[in-house]
Each structure stands twice: as C-alpha cells, then as structure tokens.
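Next, two complexes with chain A in common: one pairs it with chain B, the other with chain C.
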Partner chain A sequence: MRQYIDFFNAQRPSIEKISSELMNAYRDAACKTFVENGFPAFNTEAYRHTDIPTLLSSDFGFNLVDRYPDIDPYQSFKCSIPNLSTNMYFMINDRFYRRETGHKPLPENIFSGSMQEFTLRYPEIFRKYYGKLAATEKAGLAAFNTMFVQDGYVLYIPKNVVLDKPIQVTNILRGKVDSLINRRFLIIVEAGAQAKLLLCDHTADEAPTLAVIQVSEIYVDENAVFDFYELEESSDNTLRFNSVFLRQAAATNVMINSITLSNGITRNNYHVALDGSRSETDLYGLAIVDKSQQIDNHTNIEHHAPHSKSNELFKYVLDDQAKGAFSGRIAVAQDAQKTQAYQNNRNLCCSADARMFSKPQLEIYADDVKCSHGMTTGQLDEAALFYMRSRGIAEEEARLLLKYAFTDDIIEGIRMDALRERLKILIDKRFRGELITCRKCL
Partner chain B sequence: MLTIKNLHASINGKEILKGIDLQVNKGEVHAIMGPNGSGKSTLASVLVGNPAFEAIRGEVVFNGKNLLELLPEERSYEGLFLSFQYPVEIPGVSMVNFMRTAINEHRKYKGLEPLSAGKFLELIREKRNVVELDATLVNRSVNEGFSGGEKKRNEIFQMAMLEPSLAILDETDSGLDIDALRIVSKGVNQLKRPENAIVVITHYQRLLQYIKPDFVHVLYQGKIVKSGGPELAAELEEKGYDWLK
Partner chain C sequence: MEDNQNDLLDDLTSREYKYGFTTNVETDYVPKGLNEATIRRISEKKGEPDWMLEFRLKAFHYWEGLTMPRWAHLNIPDIDYQNIIYYAAPKTKEKSTASDEIDPELQKTFDKLGIPLQERKSLTDGIAVDAVMDSVSVKTTYRKELADRGILFCSFSEAVKAHPDLVRKYMGSVVPYHDNYFAALNSAVFSDGSFVYIPKGVRCPRELSTYFRINAVNTGQFERTLIIADDDSYVSYLEGCTAPMRDENQLHAAIVEIIALERAEVKYSTVQNWYPGDKQGRGGIYNFVTKRAHCKGEGSKVSWTQVETGSAITWKYPGCILSGDNSSGEFYSVAVTNHFQQADTGTKMIHIGKNTKSRIVSKGISAGTSQNSYRGLVKVTKNAENARNHSQCDSLLLSDTCGAHTFPYMDIHNETAVVEHEATTSKINEEQLLYCNQRGIPTEEAVGLIINGYAKEVLNKLPMEFAVEAQKLLQISLEGSVG
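Let's turn to the complex of A and B:
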C-alpha cells in the first residue's frame, strides 16, 4: 500500500497535468482517506473471500500520460448485439475515447462523454454529485480511484428527458505489462427522466495481469427510471474491483443487472440507498465461472424511506475449481415502514471442486415490513437429467440445457430486448466452452 | 422385438426383480398388472436405464441389441419410450426447446439433418392434436405447473413426436379423470401400428377397457406369476390378487 502512496505523491504533477482542475480538487481528501484505510483488509467481515491487498501488492504499471493507443475502437471493436442500435461509446483503460463516430447527436442537453469535459461544461452539477456517494465507503477503493483517476465517463440526463435509445459504453482494457487502471463513472438521471445504460467490460490483451479499480456513482432523482446493465467478459488475468453506488429519490424505479460471463478475479460492490418513498430497485446478478475464476458479489441495500421496495436475485453457475461468494445486506431504517425487501441467492455447483459461499444479512429496525431472504446451493437435478436422456437428449446436452435454464429468470428480467436475445446466445456458447465472440464485440 | 430373460434388478442393494421372463413381439399390446410394490415400475425403470436401478443378472435384447449396455439416450434412439408415472418438471426449459433438441438428437443418430424450424412447428401442431394438448402448453416450461392430466397427455404427446417402436406406459391412468383417460387412450390407440408394440403397466382393469391388451401378465414379488389373454384382466378385477399369491 505504501508504494502507491509514495507513487501518488511523486507523480501527482503528471496525474494532475492531464486531468481537470475540478477532479484534481478531490485528490487531497481522497489520499487522506486512503492513508487512513488502505485497501479493504482480507478476512474482515466484508472481504472474507477476496484478498485485495495481496492481489495488488505486486508492481503494477500506471499510464499517466495522455496518449491514445494506436487503435480506433469504432473500427476494431464492432459490437454485434443485433438491432441493439445503441449509442456506442468507448473507454480505453481509464480514458474516454473522444473521437466518436457513427451515431447521431443525442437530444439537446443530454451529456454523454468525457468526465474532464463535463467538469468544464457543468462544474456546478459535477460538484454537487462527484464523490458524494463514493466518499461514504470507508474502505479505500473509492478513495484510491479518486486519487489517481484522470478522466472518466459521465451520463447526464436532464429533467423529464426520455432517452429511448440505450447508451452503451464499452470498456476496453489494454496493457502490454501488468497495469492498474482506475475507471470512473458518474451518472445523473434528473427528475422524471428515463435512460438505459449498458457497460461492457472487455480485455484486449490476455497475457498481462490487468487490474481495474472501477467506481460508478449513480444518482436517480424523483420519478426517474433507470436501467443499468454491467456485462463483464474479460480475461482470466483480469482483476476487477468494482463499486457501484446508487441513490434513489422518491418514486424512482431502477434496475441493476450485473452479469459476469467470463472473468479472472472479480469483486463487485453494489450499494443502494433508497432515500425516497415509493422507490423501487431490482438488483439482479448472474455469474458463470469455471476454471479457477473467482466472483465475489457484495450488495448493500438500505431502505431509508417508507413504501420502498427492493427485489434482489443473484444466481451463480460454478464449474471446475471456481469460487463464488455472495454477501447481501438489507437494512431497513426505523422510519422505512411498509418496506418490502426480498433477497434470493441461488447457486449451481456443477463440479465437486467448485465452491460457493453465501451470506445473507437482514437488519430491520422498522416494525411494519415484508422482508425475506433465501439461499440454495445445489447440483443439477438428476431426475430432470434422466427424464431428458430418456427422450434422447444426450447427457452432455441435457446438462447444458439445465444450466442454461437456470439462468432463465435473470435473462428474462432484462428490459433491453436485443441485449436479452444476444445474451441467450452468449450464455449458450459460454456453457458449450465455445469462444465467446463478444470478447472483441466481433 | 423385446426379449427379457431371467432379469434380476435392485435399488440401493435391495433386490426387487427376481427373475423376469418376457417376450414382446411387433404389433402386440402387453399389460403388466400387479399389486403395489410388486416391481412393475422397477421393471420399466430398468428397461429405460434409470441410473438409480441396477440390473444384476439376466439379459434384455431389444431389436437385436443388448439393451442393458446402452445409455438411456441410446435406448431412446433405438426406439424405446417410457411414459413416466411421475413426469418431471424442468423449469426454464421450454417444451418446444426440449422437444426440438430431442427430435434433432434422434435425427443426428440416424444421420439426418436437423429439422427446420417450420417443419418442426408443423410436426408439433400435428402431434399435439393426438392428445388434444393445449397450444399454450408447448410454449411453457416442461411440465411446470401442468395439471396431473396435462402431464400425462404431455407424455403421450412426446410419444407421438418420437414415434417409438416400443412404448412402456407406466401407470399412465393414475390421476386421470374419465375424460382425460379417454383422450389419452385414444391418443395411444392412434399411435398403434403393426410394427410397434406397447407395454401397459397398471393397477386397474379400467385403462385396459380403452387400450385392449393381447397379453396380460401378473407381477408379484419380482416375478411374473401368471400370464394369459385379456380375460385374465377381468378375472383379476373380480378376484383381486390374493388368489395368485
């Protein structure tokens, strides 16, 4: 940890030189938080299954120089989600790729682009939101990100604007040597607005260890509707430490869908604050892991206002020596009467060596609520397997069908038709061990 | 078509079948009757290769092949079909996808190209009518939320789709009301051909009024203790099983 603080102090002029003044203004406080907290310590209650300090102890390279890599993602990364017709943007490592092509300008006042540029155009809005939610994380990941991050992506949907076309941001992770990348997202959906955002994570270079510390802050104001899809399809050598912070005002409806199709070691944190009454969250997750992949999802849903509703479902399919962890906390504050909160975690272990750790945690301080949680971890249904085989479906194919069927309710929950159809194909290929062509969107 | 010689089988180390001999030829309908626990369902399970059961002695030849050496799916390709006493629910797998996969695996085994989507849907429509299966059911998950009658009709629908040479109906009449029984039996009779055969496993004579057997066998304590013509079923109905013990 010390090495990163020294590095930060030594490199601060280079970091700041190509960032924006406003982003630079947050670095002192962030450094202070990081010095005090460091990375989340292994074997603490919340980080029992992911040892971030050890994983980040080796010497990672940083690219602090503003130099565009020699690729044009619009040429080399063609995402073929058919008929998705998203407005497509790219992040290459931590930088927003500015030479956008191929889509019509967005409706007026919507901002979708570089965080640096946003700080210049909307400094007041930036100040109002940036670091407000992420700062609440006591652990040092968000602080670390804030220290080093030089650019990022901002989606700003002003009041009552309804964006019918989804936005897609494809994150491309590149590096010839082991590298650490800090990626940052700020999403503001103002009152009455509606939008859908899909974040796709890809690794372009397979060999080196590429670590990402990613922080997303999402603010959803009254009566707004927002869908947030995160799709990870990265290499075995990718380390992904991702924190999403969401705050919802009254009568909002938000869906988060976190899909891990392929990865190395991933830790996702989803912090949801239901601050307004009648706010609703659907939080879905699907992880498909095999070989020695690891996925650790942590969710924390806090109901602060009455009549709010959260519905949470995480499903894992684990094979080979893969390891999965789920810890889900739901907290219902004293004033949050009539809260409904449902949590479910279902896991399928397809090999004797796959391991799954699951921990629900409900803290309820209000007395008039409906809350439930459930967890199951099991194997494929032998009776169903035999039934299928007796009809001529070979065992291997029957296993595939059952695994695929297990993912069904997560996939059907997706509110972007083209993405849903595309995922069905990708998941089928994933289980068949075929190369997922999504990797390069080709 | 099917020759069973001195078949012994067990589940969890407990011997249930204690020497079964049975010969089924093309075009025949056989009924196997017997009290609870006599081994009727075990016989069906062993024949289709349920891994919970173990054949410990004897031999079964089906269309010239050693049946006991084949995987359950291979037995299906060879033309064996079991209508399950308790059809299994498979959430998330649609009937259409399930049947398409099964049909195409059968075709692959025979060296045929997969059926086109159009042809497949046509086939479904045609076979659905055999048991008056509601169109909406084929779009649902396999057996999920089906009523008892719908599940049994779905079994016969699958039989119609796969056109087996030997179909074993394991208590297909249980849980059926009179109307459903009539529909299911009508479906089975429609599927009867001179080149295929049917083995009906049942407790009661009721089903045999609709599906007329050529031979009736009584299974008791893991052995066939009596065989005869259709008149044996009537006799059993009247006298019960006690006189055979």
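Let's turn to the complex of A and C:
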C-alpha cells in the first residue's frame, strides 16, 4: 500500500496534467481516505475470500501518458451482438476512445462520452454527483480509484428523455507488462428518463497480470427507468475489483444484471440505496467459473423508504478448482415500512475441488415487511439426468443441458431481446469449452 | 384496531420477571479480581489436583493475550473483569455423612423455583437434578439409581477427583481453552458444573437435568458441563437457569462439551431464563456461552434444543462437529427478545464424515426495542461425501422499534453436498388475525395462538416436562395472561 502512496505523491503532477481540473480537485480527500483505510484487509467480515492487499502487492505499471495504442477498435472489434443495434463506445484501459465512428450522433442534450470532456461541458452537474456515492465506501477501493483515475465514461440523460437504442461500452484491457488500471463511470438518469447500458469487459492480452479497479456511480431520479448490464469476458490473469454504487429516487425501476462468463479473480460490490418510496430494484447475477478462477460477489441493498421492493437472484456454476463467494446484505431501515425484499442464491458445484461460500444477511429494523432469503448449493439432479439418459441423451449432453437450464432464469430476466439470444449462445459455448472470446479481434 | 393491537402487544410484552428474588444465605467468596492468585485460590478451595491447576493457568495466560471479540451484532458495554467475583459458594453447615441433607434455605429457594430436590417415591416421574447455586453444585438427586446402571452423574468438581481419567481424556477435547475469548476465561476460572458419563449400551432411564442459579451479588457464573455418551447409549439432558433481579449486569460464561461415540444419541435441551434486565434495560445477565458437541462415532446423533427468553445479552452458538460417518446434528431454537434485550445466537454444523446430516430450525421473536440475530455456519469439508443440510430461520417482529437479523454462513467444499437455507422475516400475519377474529377469537387470544403455533415446531422437540415450562415461559415473556 505504501508504494502506491509514494508513487502518487511523486507522480501527481503527471497524473494531473493528463486529467481534468475538476477531477483533480477530488484527489486530496481521496488520498487522505486511502492513507487512513488502505485496501480492504483480507479476512475481515466483508472480504473473507478475496485478498486484495496481497493481490496488489506486486509491482504494477501505471499509465501516465495521454494516448492509446495505435488501433481503431471500431475497425478491429468484431464482437458486436448480432441484431442488437447499439450505440457503441470504447474504453481502452483507463481512457475513453474519442474517435467515435459508426453511429448516428445522439440528440444534443444527451451526453455519452469522455469524463474529461463532461467536466468541461457540465461542471455543475459533475460536481453535484461525482464522488458523492463512492465516497461512502470506507474500504478504500473507491478512494484509490479517485486518487489515480484520469478519465472515464459519463452517460447523462436529461429529464424525460427516452433513449430508444441501448448504449454499449466495451472496456478493452491490454498491456505488455503487469499494469494497474483505474476506470471510472458516472451515470445520471434524470427524472422520467429511460436508458439501457451494456458494459462489456474484455482482456486483449493474455500473459501479463492486468488489474482493474473500476468504480461506477449511478444516480436514478424520480420515475426513471434504467437497465445496467455488466458482462465480463476476461482472461485468467485479470484481476477485477469492481464497485457499483446506485442511488434510486422515488418510483424508479432499475435492473442490474452481472454476468461473469470467464475471468481470473473478480470481486464485484453492488451497493444499492433505495432512497425513494415505491422504488424497485432487480439485481441478477450469473457466474460460470472453472480452472482456478475466483468470483466474489457482494451486494448491499439498503431500503430507506417505504413501499420499496428489491428482488435479488445470484446463480453460480463452479467447476474444477474454482472458488465462488456470495455475500448479500439487505438492510431495512425503521421507517421503510411495507418493504418487500427477496434474495436468492443458487449454486451448482460440478467438481470435487470447487468451493462455494455463501453468506446472506438480513438486517431488519421495520416491522411491517416481507423479507426472505434462500440459498442452496448442490449438484445436478440425478433423477433428471436419468430421465434424459433413458430417453437416449448421452450423459455429457444431458449434463450440459441441465447446466444450461440452470442459468436460464437469469438470462430470461434480460430486457434486451438480442442480448438475451446472444448470451444463450455464449453460455452454451462456454459450457462446451468453445467460447470464442473477442480477444482475437484486436 | 391498530392502536388496540399495539396496546395489546405492549401489554403482552411487559410482564415482570418472576424469579427475581434473592436467597439469604451466607456465602463464601474469593475476593474480586482476576489474576493468578484468584485462580490458585479457586483451585485450592476445590482441592484440585495439579494438572487441573496447570490447565487453568495455561488458559488464563492465553486469555490475557486476547481482546474482547466485537464481531457479533451486539452492543456490549465494556466489562471490567477485575470487578467480578469469580467464586461464590453458599456456606452450608458442616456436611453430614448422609449427603442428601441440604441447607433448608437452599431447599426453599429451589422449591420456589419449582425444582424438585427430593426424590419422589413414585418411580415413573421425576427427573434427576444437579442443582448449582453460584459456583458450586448443591445437590444431585437419584444418584444411586443411576449408579446401579453404571451411569455417572455428579458435579464437575467431584468428577475431577473421582473420575480423573475420563475428565482428562475429554475435557477441552471439544472446546479447547484457546477456542475463543470466553472459553479461555471459563477454562481459567470455572467453578463447577455437571459431569455425565453413560456407559456402553445403556439407555438413561431418566431425564438428567442441571439447574443453574446465580444468587450472590457481583459474581460471575462460570460452569462447565461435560457429557460423554459411550457406544450405543442414549441420554436426554436438560438445563435451566434463573437469576435475581439486580441493577448491575452479571456475567455468565459457560462451556458445554458433548462427546457422542459410536451410535450414541444425546438430546440437550435448554430453557434459558436468566434475568433479562428491566424495561429500561438496566441490569440483566450477559450470557456468553460456548456449547459444542462432537459426534465422534459412526452413526452418532446430537440434538440441541433451546428456548432463549432471558439474559440482557445472549452470545451463544451450540454446534456439532459431525466427524463420524452417518452422524447427524440437529438444532432447534426459539429466541425471544423484549425491551432492551439483545441476542446473537445460532449454530455451527461442521460436516467432516461421510453421509452426515444436519437440520437447523430457528425461530426468532423480537419485541420492544430489542435486537435479535440468527448467526449460523454450515461447513462441508472436502471429504464429507453426501453431506445434507437444511436450515430454516424465521423471524417475527412484534414492534416497529425492534430489529431482526440473519447472518447465515455457508462454506461448501464438496460437490456431493446438498445444502439448503431459507429465511423469512415478517410481522404477525394480519390475514391470520382476521381469520381468528372472524371466528370469534379475540385478538388477544389470536396473537397468543399464532405465536404458539409459530414456535410449536421447536417446542415439540423438548422433553415433555420441559415443554410445559417452556410454554409457560413464552407466555410470561410475551403472552401475558393470554392462554
């Protein structure tokens, strides 16, 4: 940890030079928080299964120049989802790729693009939202990100604007040496607006260890509707520490869908604050891990207002020596009466060496609520396997079908038809071990 | 209707503690404070062999290096360990040779508590009781009848002298002194408790029971229970506890160890009714207990049943280590908190052997401004083929100022395991209330009925004699005059 603080103090001028003035204004406070807290310590209640300090203890390179590799992702990136018409953007490592091509410009009042540019165009809005939710994380990951981040992506949808096309941001991770990358997202959906955002994570280079510390802040105002999909397809050597902070005002509807198809070591934090009454959240997660991959999902849903509803479902399929962890907290404040909060975690262990840790947690301070959580960990149903085999389906195939069926209720929850169909194919390929990753494209 | 219901719940939840009297009996103390001298004094008073003193000192030195754990969902005020009396024994008149003579004052106390210390003539009813007042065992009944079958049932201090081999072999084998903060404290200063040994193939004919009573001011109670069930044996064991009403908090840190050998079965039931403190949250017992069973033998079975209604703060996780193949563990719990009580309780099921099974049923009821948490661990280790677990924990909320929380942990390291967990939290179902009202059952009775029905699954697991007491207790804690 010390090495990062020294590095920050020494290199601060170079970081600030290639960032924007407004983003620089937050570095002092962030550095102070990070010095006090450091990275989340291993084996504490919230981080029992991901040892961030050790994983980040080796020497990582930082990017301190304002340019990206000489490639045009719009030309070389062929992984677009068939039939899904999106407005596509790219982040290459920690920088937004500014030479957008290939899609019609969005209406004037919508902003979708580089964070640096946003700070110049809408300084007031930036100040109002940036670092407000992420600052609450005492753990230090968000503080670290705020210290080093130079650019990011901002989606700003003004009042009552309904975006008809989904937006897709593809994060491409590449590097020739071990590197640490700080990525930042800020999403503001104003009252009555509607939008869908798909975030894809790809790793282009296999060999070096590439670590990402990613922080997303999402603000959803009254009556707005927002869908947020996160799809990770990275490499065995990728470390991904991702924190999403979401705040919902009254009568909003938000869906988060987090899918881990292939990865190295991933930790996802989803913090949801239901601040307005009649707000609703659906939080879905699917992780398919094998080899020695690790996935650790942490969710924290806080109901602060009456009549709000949350529905959470996380499913894991674990094979080989993979390790999965799920910890989900639901807290209902004293005046959040009539809350409905449901949480479910279902896991499939397919090998003797796979490990699963699950820790649901309900903290309820209101009396007129309906809350429940359920968790199961088990194996494929022998009776179902037998049924299929007795009808002439080979055992391997039957197993695949059952695993595939297991993931179905997550996929069915996706509110974008083309993405849903595409994911069905990807998941099928994943189980068959023929996943074509997009890293070939670059 | 709403107001009426609230009044009713207020009324139901504001009953007084009825075991709050004190007994005037001369008491023999070891002076306040915790240091090596205190431990040597306790050991000396009990006339213990050297190995026991060594065990205590080892535990004490280990404890000195520890800090109070803070992970529980509890707000525990700082405890001044130097301001506690670690040994208090009611002074009895010189013991006559006939050991069933007992100080009339103590006799009266236990009569008042409804604990029979006289063996009744009729053989069909009656439970064998070991009565513990503060730090010493006052009396153990039905010893002769049990001894005829080879069953050893006596106070722990007696066992140290009479059966040192058994004690040395098993003491600390399930809960070692370095297990946790309170286990270390207990291992250093424990005073008395019960010792049970059921020989091979014996089915214990009576329910065995220990009754714990804290009486002296400023004392802590640190008892230790050791139950050994040899091959093919069976025993049902009950534990009850009460304390006087006092403004200060008193500490109770106990250890219970159970060893079940081949095909042995142990049922351990607790009705915990320590003084919970008054309506303003003053006083009450801090109940920090480590209970664990080791299902060591093939096909052994241990079942924990607990009704937790008392104590200002409860910190207790009776668990089972299922290391024998085909062994099984069960945990049934009703935890009621009211006023300013706090409870963080649950279980640990560690599956190590093959084909092991565990079942967890936990029912929490919170009222007033209390906080009630379930915390449990289900762990399936790498070689525990075909482990099976089902957990269910429900919480019922009776006021808008109380809290109900669940913290289940599941660590699964074997693909053949099937582990299920479900939990719900809600208030009393208004439809059920309406249904009762429509059929002419007043709200008052309906609430009682619903709570009783809610806890039934656990109460049914208690031995008959205890089920009656537990049901009464639930009524006292929550139901008031409601039948």
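In the analysis below, the second predicted complex is superposed on the first by the 436 of 442 C-alpha atoms of A that agree within 3 Å, B and C clash if a C-alpha of one lies under 4 Å from a C-alpha of the other, contacts with A are read in each partner's own complex, and residues count from 1 in each chain.
Convention: a residue touches a chain if its C-beta (ideal position, glycine included) is under 8 Å from a C-beta of that chain, and two chains touch if they have at least 3 such contacts.
All values derive from a computational prediction rather than experimental measurement.
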| item | value |
| --- | --- |
| Fit or clash - chain C, chain B, common chain A | fit |
| Contacts of A:Glu395 with chain B and chain C, given as first, second, both or neither | first |
| Contacts of A:Asp417 with chain B and chain C, given as first, second, both or neither | neither |
| First, second, both or neither for A:Tyr365, with chain B first and chain C second | second |
| A:Thr376 touches, of chain B and chain C: first, second, both or neither? | second |
| Cα-centre angle that chain B and chain C span when viewed from chain A, reported as a multiple of 10 degrees | 70 |
| Larger contact residue set on chain A - chain B or chain C | C |
| Partner chain in contact with A:Ala384 - chain B first, chain C second, else both or neither | first |
| First, second, both or neither for A:Phe357, with chain B first and chain C second | second |
| After fitting on chain A: smallest Cα gap, chain B-chain C, Å | 14 |
| Chain C-contacting residues of chain A that also contact chain B | none |
| Touching residues on chain C, where the partner in the complex is chain A | 71, 73, 382, 395, 397-427 |
| Parts of chain B lying in touch with chain A, wherever the complex brings them together | 48-51, 71-73, 75-77, 81-82, 84, 87-93, 97-98, 101-102, 105-106, 109, 141-142, 158, 162 |
| Chain A to chain B touching residues, read off their complex | 381-384, 386-395, 397, 401-402, 404-409 |
| Contacting residues of chain A [partner chain C, same complex] | 45, 334, 337, 347, 349-379 |
